[in-house]
Every structure is written in structure tokens, then in C-alpha cells.
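What follows are several structures.
Paired with chain B in one complex and with chain C in the other, chain A is shared by the two complexes that follow.
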Partner chain A sequence: MDAATIRGLGWKYGGRDTFAITDVDLSIPAGSFVSVVGPNEHGKTTLVSCIKGIIPHSFHGVWRGQVEIFGQDTRSLSAQRLAQETGFVFADPEAQFTSMTVEEELAFGLENIGLSLREIEQRLSWVSALTGIDGLWDKSPYEISGGQKQRVAIASVLAMKPRILILDEPTSMLDPLGKDAIFSILLQIKRETDMTVIVVEHNVEQVAPLSDLMVLVYSGRIARAAPPAEFFQDCDQLVEHGIQPPQATMFLDRLRREGAFHGRLSARFEDDLEALKALLGPPAGQGTRP
Partner chain B sequence: MSSETLIRASDLVLEYPDGTRALDGVQFEVRENEFIALIGQNGSGKTTLSKCLNGILRPTEGSVRIGDLDTRERGTTKKIVTKVGYVFQNPDHQLFNNTVHKEIAYGPRNIGLSGDEVERRVREAAKVCGLKEELFGEHPFFLTKGLRQRVSIASILAMRPRVIIVDEPTTGQDRRQSVEVMNFLRDLWEKDGHTVIIITHEMPIVSEYARRCLVLSRGRVLMDGSTREVFGSPEVLAQTFVKPPQITRLAQALGGYGVRRDVLTIEEMMAEYRRVTSS
Partner chain C sequence: MAERPDAAKQRMRRTLLGVVPVTSPLYALHPLTRLHTLVFLGVVSLFIDVPEINIALVLLILIYLRWARVDLSGLRIYLPLTVTVAIFMFTVSIAFPNRDPSFHTFRFAGITLYAESLYWTFASYWRLMAMLFGTIQYFSTNRERETLVAIRSMRIPFAVTYFLSLALRAAGMFLEDMRTIREAERARGLDETSLSLRDRAKLYAMYMIPLFTIAIRRTDEISNALFARGYTISGKIEGGGKRSDYIHTKYVFRRRDAILITVMDVLLCGAAAARIFLGAFAVAQSPLRQYFLTALSG
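And then the complex of A and B:
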């Protein structure tokens, strides 16, 4: 079953002359991990806002086509229902904070939907362990580091157990350690849950290895949608569309064009390294290896 | 490297009022026409150091000298801004005038230059930054982030500083925007002879643009050397949680084949591949 089915989707914000996205057709299988990439201002956030349903529910504009979430048209679902189906994490975690302590921030949504105390406790300890924020419960969400803020933001959305989790550039404000922590949380979510994850991200090098499907949004259209093993076969097209494939992948692409390499480009560092080692044969002085 | 020293930090210690020792004995010299990257994990002291280099922060111990100015002395601020410019990470923290022209003119006017000279500086800085005169009447708030960043750089350049410090020039930008701002900084360095210092976490940007890296950890200098030396020392970088760019890591993982450890670009990796496979 599809988590989201998009047919002929177009959206023009009120007051604008042109459509932000147009002619979008896309199927997102339930439980898949999808990365949405593309230059800024080309429609990535608009697309995920349509999946989340805040477009057209909370915006004025011109709508075309159809978006279904688990088989139901988003326009026929209530805002409350949509909020339960899809969780949303922003680039700036402070945008979603409303409470004085991390614990309240985590429990707020759960109390709102009337869960039992026992259920709330179970969910809090689950998300807290998964995102590594056990020691932060008494702190103000505004006083912790940027990386910790983003982990709290993800935890509070995860605790609601949405069927679809959407993250819009969750690592863009973080330093490398903070980014690594978010990507390892995303990997755990992928492994431990059956959530459908949709992440808008510029960091192709780190997000590609997690992805089942890569979607390139360019000029309001879907320029390419494919699993990583196919998505990166045409590096030139990606570069033309403002995407920088990982350097090791670019290097193998060069070798392939010179006829020295005939394999596939995976955009996964370990795979690219193994492909290169296979090409070079055993290192000198180490004898032959099978 | 016989060129003139523009800034000299000696035994620099900076303690914040809460007792945090953000810099703990830093020696650092900035010379004429350099392109330097300050790197290290968050909290390593990058931003604190850069704010000491232009006198926003004054040393707790040790000294920072900018030419013949000592930043500990009172009344040096107006002289410093003509020597060292600082561009904030978020242009919106810096822009406060209601037109592009007023924004760029603010600094020169503030140091008491004549109207004609202010006008000349505005046009010069705008031209270098690729800001057309049609934009002079626009409100900075309604420009794209890339253009707002250019306006904030122009407002700094209008003071004609020889050193320009840019805090995280590419954060939150896509690939094209990053290349655009970095190529622009490279032109300031290469064509106009400025010294450019960037603070960044993006190592591919460092290897592509910077010629020298200062690696910081816990307020101390771990390493100060050419970009090639620094990325060729992954065990030093690991101490401050910095990873070399992927192409360098690929080369280092192929050390058993005799590949150089300090490859910086895909071109260099191609050359190494050819060398290794032909021998």
C-alpha cells in the first residue's frame, strides 16, 4: 500500500503568478525512506507541505490534482486527522517548541490526544532512548545545544507515532557531530519502526545510504525519482540540477567515462571503496587474495 | 611567506563572564593576502577567536594586535573596522537599514567620511559584490538570502578592510548558492588582494577554497598549516571531530596501494589512480 499517492498535483500560492509545483506524480510506498533533494526555492517544501496536508488546509491558493494519504484524499480529511497521520520536523527546532521543559515538550501532544499515563510513560522512555535525550528532561528546550534541540524536536514528533514522519532540512543548522547524531537517529527509525520517512535534505552524501527512494525536485517538477542505485547513474544530470553527488561517486563516474570502471554507482562510501579496491586488485606486497 | 603580518594574537586567553575559558593560549598570525579556514567542533573556539581578531571581544590575557593597534586599548573600535571586517553567519543579524544604499553607506558615514567619499565607497563596494544600482532603493528584507549576504559583505567592504572574516558563509545554502558565495570570496582574495578568513564545518568547501587551516580544539590550536598538510593528518582532525572531505578519506583508505594521503580534489585522485595503476 502507498503511504502517499500524488496525481497531477499543482499548487500556486495566493498572490503569485506561477505555480510553485506542477504536474507532480509520485507514489511513496508505506514504510519507505524517501529523500527529497533539489535547489532552494524549487518546490521541495511545497511538495512535502502538500503531503502533510497543510496545503491546501492552511494556505490560500490554487490547487490541482490529488494527494492521498493511505488511500484517503487529504482534502476530505480533517486538519486534526492529518496532524495525527503525519508528523513534521522543521529546520529550526525552536519553531515547534511550546513548553518550559523538555519533558513537558515531549508529553504535550500525548496529553492532548488523551493517552493513559502508562502509555505516555512508555512512549516517552522509548523516544528518549532512541534520540539520546535521557539526561535533558528537566532542562528548558531553549537552553540546550542546537543538536540537542533538534533531537528533542524529533522525539516529540516521534512520540505521537505518526504513520508518516516528514523532516524539512533537519540538519541544515547543525555542526558535523550534530548532523551525525540526526542521521543515526533516522537510521534507527528506519530499522525499528514501520514509519514512512520523508526527509528534505541537501546532504546527499549522508542521506543517500538511508534512502529507498531519491526524489529530485527542480523548477516545481519531479526531475527524477529512483532508488539510489539508479538515481546516481547519471551524475551529469544531477550536477546540472544543482545536486552534488558524493565525491567518491563522482570519482567512479569519471573512471567509468574513461572506460576503466564498468560497475554501478551507489553513493554509499563503503560500496564505492570496495568497487575501487576490486578494480585495483590486491595491494602490492600482500600476495593474492581470493 | 615574507608578506606583512596584519594581525598577531599572542598567548591569547579569553574567558567569558561565566568562567568558560573559550581560548586558552592561542598564537596566530594573519598575513597579507591569505585565504584561511578556522575549523574544529562546536565549542572549539572558532567564533570566539574570530571575534577577538576584530576587537568585538577583548583578550582576558595576552594580546591581539591589528597593525599598530592593540585591541585592549579603548577608542580603537573606529580604527579597527577599517582594517578587519566581520560578516555574521545570519545576514539578518547585521542588516538594519531600510534600503540597500543606506545599509552599505552606514559604516563609511559613521566614521565621518565626506558625502562624496561615502558615495564613492558605496558604488565601489556594490560593484565588487555584483549589486546593481537598481537594487539601491530596495529593502534588504525582500532580497534573497544570497543577495542579503552580498549586501552585508558590501557594507563591510565599504570600510575597505584588508581582512574580511565570514562566519559560516554556506550554512543552509544549496550547492549553487554555496559555490556562488565562495567564488565571490575567492575573487576578493585572488583579484583584490584581501585576506579572507572563513569559519565553516563544510570540509569540501575548505579543501576547494582555503589555502591555510587553523584547527582548534578546546580553545587551543591543534594544528596550523596548509590545507593539504591539515587534511593529510586525519588523526589530528579526529581529536576535534572533523573528517576530511570524502575524496581525501577515499585516498586514505587506499593507503595500502601507495595512494597519497593528502589528495584534495577529484582531479588529484584521478592523477593518483593513473600513477598507481601504471606502476
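And then the complex of A and C:
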């Protein structure tokens, strides 16, 4: 079953002349990890906001088409039902904080969906261990570091155990170490849960190895949607659309164009390394070289 | 100088207007009891004109804060406020006194002063100070969540606590934003201590523009965040059940809370009844006033 099915989706914000996204058709299989990539201001956040239901519930504008999550039209679902089905982590973690302590922030969504106190405690322990925020419960979410803020933001949504977890540029405000920590959490979520994860991300190099499906959004349309192995076959087109493929992939693409490499391009460094090793042959003294 | 090991270990908890050690004995009291201190200190002074009692209340508040291990040096930030209020009140009282012919008068720096009018201002000032310090003690020692827990303990309808919680959160964020802006200014070399009082007042007025801009933008963000997390104004969950209240269960209402609340209620009602029915705590009963007037007559 598909977690999300989008048919002919178009959305124009109130007061704007053009559609932010138009003619979007996309199916997201349940349990998959999907990366949404593309340049800024081309419709990525609008697309995921439509999947979450924030659009059209909280915005004025013109809607076309249909978005279904697990077979239910998002426009017909209540805020609570949508919160249970789909979690949303905003790009700016401070934009989603509604409480003045981390503990309250984590419990807030769980209170809203009416979980028992015992269940809330269990989920807080689970999510704190998963995201490494055990020592922060009593602090204000505004006082902690940028990386900790983002982990709290993810944890507070993850605790609700939504069937679909959407993260809108979760690493955009973080330093390299903070980014690594978030990708490590994403990897854990992929391994330990059966959630469908949709990540809007600019860091293609780190998100691609996690992805089952990569979606390129350009000028409000889906320019490409494919598994990573196929997604990177035409690096030129990706670069034209503002995407920077991984360095190793770019290097192999260059070799391929020069006629020195005839294999398939991959987004995983390990695959690229193997391809390169095969191309170079065994090191001197170990192989059959003269 | 190296920090003392026990001081280094001291974990602090940020409150609405300050910081308090996590180990403060104050936290043994239920938030409802603490909110009651705000109500008691805010209202009881309305029935008391005798400045000696209001001065004693202010001292009591300072002792309470000391017991709660609040750093009293932090209260210095309220000094300009207390001085400004005094200047304003006494200036008005001296410039526009109640010229009752029965009042005692005396000359000071070429101005005729009316003793009873001046003393009434003095009494009013300390009444105001008792209320002000009562408010400062509450907001210096409590967080937004404790206020909400206290209000929810009174079984106030969810819609009311909903708006109040948003207002408190907004106030907390407003203060955080202000702190950020001030830090950014200091980082760019602004030394507030070198500014005159007038320039400082101007500086605070200038803060309002970015603060209100941020607040307006945040309205949208909070609205979306609340929707995304399934918040509804009814306080009901899907299917009609009641929303859970996890934070509320973190506080225990003990016997000592009941005793303290009862004592405060009895004192408040007693003060109100004594004032309304017996005319007690009127400014005329102030021993200091008697001494002041006797000294002038003599």
C-alpha cells in the first residue's frame, strides 16, 4: 500500500499570481525513505506541507488535485488525525516549539492525541534515548545548542509515532557535526521503525545512501523521481537543476564521459569505491601487472 | 579564580524573570501554593494603608526569596523602576498637593509641603512596592509550566488555560528574543553602562520594532506548529475523550500546601474584613505618621 498518493496536485498561495507547485503526481510506498531535493523556492516545502495537510488547512489559496495518506484525503482529516498519521519537523526548530521546557515539548503532542500517562512516559524515554536528549528535559528549548534544538524537534514529533515522518531541511541550520548527528538519527529511524520517512534536504551526498526514492522538485514540478541508482545516471541534468551530486559520483561520471568507465553510477561512496578499484585493477605487486 | 566545586555543580533553572537553583526548597511547594502567594501579596496590600506593614511585607518577600536561594543581587534591575516610581509619585504629590486647611505644613527649599498629603504618598508608594515585589517574587521563582499547572489545578476551563498558556509562552519567547537582541548589540560593542538614563529609555523603545516584527511572524509559525501537533481549542481528543495532562502529574499537592493556602486565605479575608468593617490598617493608624506629625507640631 502507498503511504501517500498525490494526483494532479497544484497549489497557489493566496495573493500570488503563479502556482507554487503544479501537476504533481507521485506515489510514496509505505515504509520507504524518500528524499526531496531541489533548489530553494522551487516548491519542496509546499509539496511536503500538502502531504502533511498544513496546506490547505492553515493557508488560504487555490488547491487542485488530491493528496491521500493511507487512502484518506488529507482535506477530510482533522488536525488530531493528521498529527497521528503524519509528523512534521520544521526547518527552523524554534518555529515548532510551543513549550518552555524540553519535557513539555516532548509531551505536548502526546497529550493532544490523548495517550495515557504511562504510555507518554514510555515514549519519552524511548525517544530521548533514540535522539540522545536525556539530559535536556528540564531546559528551555530556546537555550540549548542548534543541534540539540533540532534533535528535540525531531524527538517531539517522533514520540507521536506517526506513520509518515516528514522533515523539512532538518540540517539546514547545523554545523557538520550537528548534520552528522541528524543523519545518524535518520539512519536509526530507518533501521528501527517502519515509518515512511520523507526528508527535504540539500545535502545529497549524505541523504542519498539512506534513500529508497529520490524526488527532484524544480519549478513546482517533479523533474525526476527514481531510486538513487537511477537518479544519478544523468549528472548533467541534475547540475542544471541546481543539484550537486556526490563528488565520487561526479568523478565517475567524468570518467564515463571520457570513455574510461562503463559501469553504472551510484550515490553510495562504497559502490563508487568498488567501481574505481575494479577500474584501476589490483595494486602493484598483488596482481598480474608486468 | 577557580569556581568552588559546589557552585560549579549548582544547576540553575530559568524562571520567567530570573534563575533559581534546581535544589531550591521552594520547589517542595505545589505550584498552586506558589500562585497563591502572588494572589495573597497582590491583594492584601489593597486593604493595608499603614506603610510599616507594607514595608514589613517587602522585607518578608526578600526573606522568602533568600530562603528560596534566589540571587538577590538580580533584583538590582528593578531599582531604576522603584526610584522612577518614587520620583513620579512624590513630584506629583509636591506639585499638586491636597491643600486641606487642617493639614500640617512645613517649608522645605522654598516650597510649602503638606505633611498629611506627603505621608499619604509615602504610604501609597509602599503599598505599590509590596504589590510589585509580590509579583517579582512570583515571576522570579516560577516558570510558565508551573503557572499552568496551578491554573489547571483550579479546574479552570481548558479554553481559558489554552489562551493563557499561549500568552505565557509568547511572553517567555518575547523575553528570549529581547535577550538575543541585547546580546547581539553587546557583541557589536554597545556598552549600556555608558549610556544616560534618557538614552537607555530610547534604546528600550528601539527594541520594540524588531520584537513586534518577530512576534507577528511567530504567530503564523506557532499556529502551524499547533496544527501539526494536533492541538485543538476544545481540549478533547478524537472521539470525544479528554486530553491528557502529563505535566500536571509531575507535581504533588501535599498537606503543607493545603495548610499554607488556608493560612493565606484566612489572613487575606481577615485583612479585608478588618479594613471594611473595623476600619483597621488606615493610614491614620500608622505610628510613624503619628511621630512625624508630632515632630512637626512640636
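Assume the second predicted complex is superposed on the first by the 284 of 290 C-alpha atoms of A that agree within 3 Å, B and C clash if a C-alpha of one lies under 4 Å from a C-alpha of the other, contacts with A are read in each partner's own complex, and residues count from 1 in each chain.
Just so it is clear, a contact is a pair of C-beta atoms (placed from the backbone, for glycine too) under 8 Å apart; a residue touches a chain by one contact, two chains touch by 3 or more.
Keep in mind the model is a prediction, meaning the values are calculated, not measured.
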{"item": "Fit or clash between chain C and chain B when superposed on chain A", "value": "fit"}
{"item": "Contacts of A:A129 with chain B and chain C, given as first, second, both or neither", "value": "neither"}
{"item": "Three-chain overlay, vertex chain A: chain B-chain C angle, C-alpha, nearest 10 degrees", "value": "70"}
{"item": "Which superposed partner A:V62 touches (first chain B, second chain C, both, neither)", "value": "neither"}
{"item": "Which superposed partner A:L187 touches (first chain B, second chain C, both, neither)", "value": "neither"}
{"item": "Partner chain(s) touched by A:D272 [first = chain B, second = chain C, both, neither]", "value": "first"}
{"item": "Contacts of A:G114 with chain B and chain C, given as first, second, both or neither", "value": "second"}
{"item": "Closest approach of chain C to chain B (Cα atoms, Å)", "value": "5"}
{"item": "Residues on chain A engaged by chain C in the complex (per definition of touch)", "value": "52, 54, 57-58, 78-84, 87-88, 90, 92, 95-101, 103-104, 107-117, 120-121, 138, 140, 142-143, 156-157, 160"}
{"item": "Parts of chain B lying in touch with chain A, wherever the complex brings them together", "value": "41-42, 144-145, 171-177, 201, 204, 241-243, 245-247, 249-250, 253-254, 256-258, 266, 269-270, 273, 276-277"}
{"item": "Contact set on chain C toward chain A in their complex", "value": "13-14, 22, 143-145, 168-169, 172-173, 176, 218, 221-232, 237-238, 241-247, 249"}
{"item": "Interface residues, chain A side, partner chain B - complex", "value": "38-41, 91, 145-146, 169, 172-173, 175-178, 202, 205, 242-244, 246-248, 250-251, 254-255, 260, 269, 272-273, 276-277, 280, 283-284, 286"}
